[in-house]
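Think of it as A, B, C and D in the order they're written, each chain with its own count starting at 1.
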Amino acid sequence: MNKSRLEAFTDAVVAIIITVMVMDLKRPQGGTLADLWALRGSFLVYLVSFATLAVYWHNHHHLLQVANTISGAVIWWNTLLLFLVSLFPFATAWVDGSLTAKAAEMGYGALMLAADVVWMCLTRALLRENGAQSPLARALAGSKRSRYSVGVILAGLAAGWFFPPAVLVCNLLSLVPWLLPDPHMEAQLRANAQH
Amino acid sequence: MNKSRLEAFTDAVVAIIITVMVMDLKRPQGGTLADLWALRGSFLVYLVSFATLAVYWHNHHHLLQVANTISGAVIWWNTLLLFLVSLFPFATAWVDGSLTAKAAEMGYGALMLAADVVWMCLTRALLRENGAQSPLARALAGSKRSRYSVGVILAGLAAGWFFPPAVLVCNLLSLVPWLLPDPHMEAQLRANAQH
Amino acid sequence: MNKSRLEAFTDAVVAIIITVMVMDLKRPQGGTLADLWALRGSFLVYLVSFATLAVYWHNHHHLLQVANTISGAVIWWNTLLLFLVSLFPFATAWVDGSLTAKAAEMGYGALMLAADVVWMCLTRALLRENGAQSPLARALAGSKRSRYSVGVILAGLAAGWFFPPAVLVCNLLSLVPWLLPDPHMEAQLRANAQH
Amino acid sequence: MNKSRLEAFTDAVVAIIITVMVMDLKRPQGGTLADLWALRGSFLVYLVSFATLAVYWHNHHHLLQVANTISGAVIWWNTLLLFLVSLFPFATAWVDGSLTAKAAEMGYGALMLAADVVWMCLTRALLRENGAQSPLARALAGSKRSRYSVGVILAGLAAGWFFPPAVLVCNLLSLVPWLLPDPHMEAQLRANAQH
């Protein structure tokens, strides 16, 4: 199947979701610096959500560039991922209004967890379609990043039971390994570019 | 004519419509689980509309991938489909505010019906342009999915006269056959990929 | 220069503008048919604006498909066109709230006129870049559609001085010739497809 | 790496940001010309922001067309640029509500400055990836436009300390050199087109 249209549709949805979130940043009440400072919590939440979506887009970009083919299962896991991603502005607005509320923070963390799990399923469906000898399989070999992220988000949910903002902090921490280039992935991308 | 720009424009409109709908999901009033639970009706309506649009996008993807050429008539049916799709957030918001109101539910169902009928016209215009011996004609041969969907939506409208929420339930049921891969379509997509 | 990115950016802006307009369609106050009927004026204005943008997109699609190259001037006229197009939701919302107000209707008509004039400038810049012997020049030879549209919109503005809703009606009339395929353009598109 | 998906994602974000800004243009209170005139300040601010984003898009278009390859660093600088760009509607809405407030104007100017600095970093990352002998290096040789823009915006921030609207005026002035074609860039684009 044609992976370019799947990429384009995913890009469009992620781009729109990112900008829909910024629409929830209310303009300051007045024209002074204090009015801006009053919004620092909203900025922080927006930053975490923007970073999360940027990491998803970045990895989606890499994952599909290394993949040779996609299957119907890949399309449906991707659709489910987009559904969860489309709920980010909702979860962001909720947690923004209630930074220390347990249910809002747990809801935010649960959405992140669900998105990460669906991401793993998407990766697996791509691996099944491309085969164990594919560049994709070599690129993903030994990668523990998804498992690390899921672990950190789970820890955040546990800590959030006692101190809700821990969810947001752990979510930010779960992104760290994704900011660095993965050597296996980079090697396959370069190999692909040479063919 | 150039089908890739038609695909790209359709993708952009559908992607934006999906995310416009999520903007109608109001944030919970407070930070408790009860505040989230109060929105369960909105979530359900959003889920039905998201699933409907995802199915449309999925099928549009397949339909145009198998098609070799498009005509002016195809562009105009597609434009009319996008016009109807652009009314989904409106119909979704209406039914969301009045889950048991007859007019709102019937309006939602009527929009789905109109979109399904325009979809059939779009399919026919594509068939006329591509010819009876085209891969498209082979992919669509014997497919009764459109007729099934129209039937279920019509049944929903009839039942909705007595019990309005039936419209929403039937709309969800009308999507079921589209979630499974169609063997004719799959065969043609694989054949196309080999050429 | 690369025309595909200009097409993609234009598509994205037009797609978003179309859907931004639908967000101004307020949901009905209640769940009855009378609540929907109360919005008939808004629907009409939305329909005119949607049709106008669909015609612009359709023609932009054709124009750039026949063009071989673009210039810096083309990009800037296109940017100015997108700026005017980006004001459509604003003008639509204004006229929607005041269907019989002279200033709102004249403002809507003036925006349409400005967009049509910029369209003509864009066409001319494309002709200058592609040359008098280009397929584009042959496709546009003898086309009087732009002049007809400008004339009808000007007539609408004059009539609107006495009866404001005439502006909206004339704008709809100005779209009619663009709905039919242009024989010169079709011939060139088919010729291009064969090469 | 694949530059076309980076271009497409950037286009989508910029297109959406442009149209999100127009949603902040409130419709006039009534149907008279005086109601429109009351919004002249909002229009001016919208125009400056639209022009800024159009210039960014235009230059991004040229920059990536001349570049042959991109790196991971390019993707991350681009993501940071998009993050800053996503804050334009926020800064635009703030300055729109407080045209003469020092903090709002300085905030607007500071965002422009940050975006310009990130733009320079993006350019440098592209140069490092493409090498000193690349068409990109030749296209950018001797270009002082970025430094001019940063200088004018800095001057605007200094003047804004005493007369806040100077920030907006200087920002508009900083765009001037970018409206004219750059001879080095044009030469490389033509050379690229011939290969």
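The rule is simple: a residue touches a chain if its C-beta (ideal position, glycine included) is under 8 Å from a C-beta of that chain, and two chains touch if they have at least 3 such contacts.
Since the structure is predicted, the reported quantities are computational estimates derived from the model, not experimental observations.
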| item | value |
| --- | --- |
| Required steps from chain A to chain C (each step between touching chains, minimum) | 2 |
| Rigid-body rotation angle, chain B and chain A, from Cα fit (steps of 5°) | 90 |
| For chain B paired with chain C, centre-to-centre distance based on mean C-alpha positions, whole Å | 27 |
| Multi-chain contact sites of chain D, meaning residues that touch two or more partners | 8, 12, 16, 23 |
| Overall pattern in which the protein chains touch one another (line/ring/star/complete/other) | ring |
| Chains grouped in pairs wherever the two touch, ordered by label | A-B, A-D, B-C, C-D |
| Residue ranges of chain B touching chain A (in the complex, touch as defined) | 7-8, 11-12, 14-16, 18-19, 22-23, 25, 27-28, 30-33, 35-36, 50, 54, 57-58, 61, 65, 179, 181, 186, 189, 193 |
| Chain C to chain D touching residues, read off their complex | 1-2, 5-6, 8-9, 12-13, 16-17, 20, 23, 69, 72, 75-76, 79, 82-83, 86-87, 89-90, 93-94, 96-98, 100-104, 107 |
